[in-house]
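First chain written, first letter: the chains are A, B and C, and each begins at residue 1.
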């Protein structure tokens, strides 16, 4: 029973962090219809930022979030103005390959600067501490904090999008760029802003995740694919969709845990032989494929 | 038996009823014109017949076969072709190649497709332009290419969608002659949507009029021209009331 | 018969192009006879391999306009089929390669049917997803050596072995892949003038119009996808015999899929020479960058940074690729 609850808890918490990762992607896609292959690389940048700022300033990693957000915001806008803007003019294949090039560029730049080795957070208020919330579930304090802060960040972005003028302008641009232009909304600026906010979300997510996941230059791709799956599941362009889908995907990655639980409960020997751990992420891709075929709009999507 | 028999065709787009219980029939040797104010549902009617939109209700019977539920490519294969207002097969292909795309529907062999395409270009006075790209051509020629593309499929019936739009009187004459040739010499039944009245009234055996998705008139061009309902649809009720004495 | 004639008919290209092509072809033919480094001939072989990958991709991605980023899975199927059949049952290449194609094409039909209901970005990501799933499966499947992969040890066979395609010197591999390369060009020349080729170009431009011209769009895409798959699978089988050491990370990775698409886009997707030009530029570039810069102390990854920057510049500046640029210049000149 313990395993089931532990897996559930782990899945949900991880899922919340993932939601934040996917949030940036869905905003960017919603506003300008471009799939960013380099999305995971921004996560990686966020992770390094969090780590290094904490070390340099001697503060707890969780306090580095504003720095990460600022870095992400500026980097996102810079990327848009310096590169993405030009990609948007071309055909889709150029966009896909262009952001892929960006991914390679950022990844190898990180490799050059930071070296290939894993780095992790070793010091901090919450490192090493965990909560025992009964039912046999032990949650590392860092994960709990990360999930909580992710929730807060999510709420902040949601408020921004729905309750502020800028946010509504962004939504308008997403729904109908031409119409938005006629209304006097500066689409160029909206695009840049979308990139700024989108990248800021994911760098903040990175600064959160680095508290329980070590970073190296190569981890970007996995998170990019997970983010794609989440965005597709939740519906391209939908903010609440990203939230729920993130949790769902978080749970899917905990399938090995559920499988173990089922193995012990039902005691079929053959179940032990299935190497579920290796398939942890594969099921996410399978889920993506199934969803796309069965319900392309995703759970909440409005954009097709 | 009519070649095309449309019965109570209805098409809804969400809450909007674009076509409302439209019925008409077309014999093989007839040339039918479809007119009506903008937004009356003419192009939607074409799209439904051609299989591009699924119909909400009604039946379409072509050459004795119920084609209501067939996808567009199946409808085309049964001999019902249509032109599009702006598009041809591909902007990357030259004129000849565009017509070949349609010709390939009937044959697998490139040489045969090419011959068929050249044939059609000849008929439509496009032979010299065979190697040209669409973007280089004047509007009149482009319109002829859209017709040629559809004719490439060797259809029994051709739906023409505003092929005279934007042409000057001389060019309209030319289009008229081509349509007549297609209808009489090639034996292809023609149904056309038009706003250019001289063309429609001159060439059609029969005309149907659509307004707000409904068919409001069906008959010989001269009858239609005098029909008060048609006049009202185009000019508005107020105008008719104010000029009621002048309508003859 | 007519098909063969069409394959050899290059008459719609300008004379100058054909002369250049023949000269380059002749150069390829006699290249190994001149003194060359092992590195150079290996690079040439890679060039032919990737030209063929690119040509295959070009059918569905270039002419068809459907961006497929999951071709690597078929490289894997082709490579593994050949490797497994050779290692376990001593079946020669010329038999295992068609079997590999059979498996690949079958798989492509199975996933193609649902796959092509998707459009644009969704399609692209789905292709990535399927490729990754297959790669993950291969990484845990013991029958194919799981993550360690398979190794063909040449000692067991007596090179030069033309049946099993095991050679000691690269020269043999060079001419075999060169022959495939020529066949590939002839096939593509036929393809772009064939019924399916025309249908694809109409589909790429406007699917509704294509439908109205009697084209079953869904089926045409699936057929083309199968053709692209076959190309890639054949070369995958060759790859197994050449490299003799295959593992999922190498043979079925996302990087490979993207590289294939990149070749074609860089050179000019949707044209005959495009993928070849793309491979001709990118492969030597990648190889030599790695040689000169990659190994330099402390500067790990600089070759890839430059490589990535080039991709970014091309994508942003000239998405129609090198051939697109050539055609643009030509059109301006003829005004």
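The rule is simple: a residue touches a chain if its C-beta (ideal position, glycine included) is under 8 Å from a C-beta of that chain, and two chains touch if they have at least 3 such contacts.
These numbers were taken from a predicted model, which means no experiment stands behind them.
Participant: Please indicate which chain is farthest from chain A, where distance is taken between mean Cα coordinates of the chains.
Facilitator: Computed centres place B farthest from chain A.
Participant: Could you quickly compare A-C and B-C and let me know which has more C-beta contacts?
Facilitator: Per the contact counts, A-C leads.
Participant: Closest chain to the protein's overall Cα mean, using per-chain Cα means, please.
Facilitator: Chain C is the most central one.
Participant: Would you mind pulling out the distance in Å between where the CA atoms of chain A average out and where those of chain B do?
Facilitator: Centres of chain A and chain B (C-alpha means) sit 51 Å apart.
Participant: Would you kindly tell me how far, in whole Å, the mean C-alpha position of chain C lies from that of chain A?
Facilitator: So the centre of chain A lies 33 Å away from the centre of chain C.
Participant: Can you work out the whole-Å distance between the CA centroids of chain B and chain C?
Facilitator: That gives a centre separation of 44 Å.
Participant: Note which residues of chain C are touching chain B in the complex, please.
Facilitator: Of all residues in chain C, those touching chain B are 2, 6, 193-195, 198-199, 201-202, 204-206, 208-217, 270.
Participant: List the residues on chain A that touch chain C in their complex, please.
Facilitator: So the residues of chain A touching chain C come out as 29, 33, 35, 83, 86-87, 90-98, 100-105, 107-109, 111-112, 116, 221, 225, 228-229, 232, 236, 275, 278-279, 281-282, 285-286, 288-289, 292-293, 296.
Participant: Can you name the residues of chain C that touch chain A in the complex?
Facilitator: Listed in rising order, the residues of chain C that touch chain A are 61, 67, 69, 114, 117-118, 120-122, 124-126, 128-130, 132-133, 136-137, 139-140, 254, 258, 261-262, 265, 269, 299-302, 304-305, 307-312, 315-317, 319.
Participant: Under the stated contact criterion, what part of chain B meets chain C in this complex?
Facilitator: Interface residues on the chain B side: 50-52, 71-73, 75-77, 81-82, 84, 87-93, 97, 100-102, 104-105, 108-111, 113, 149-150, 152-153.
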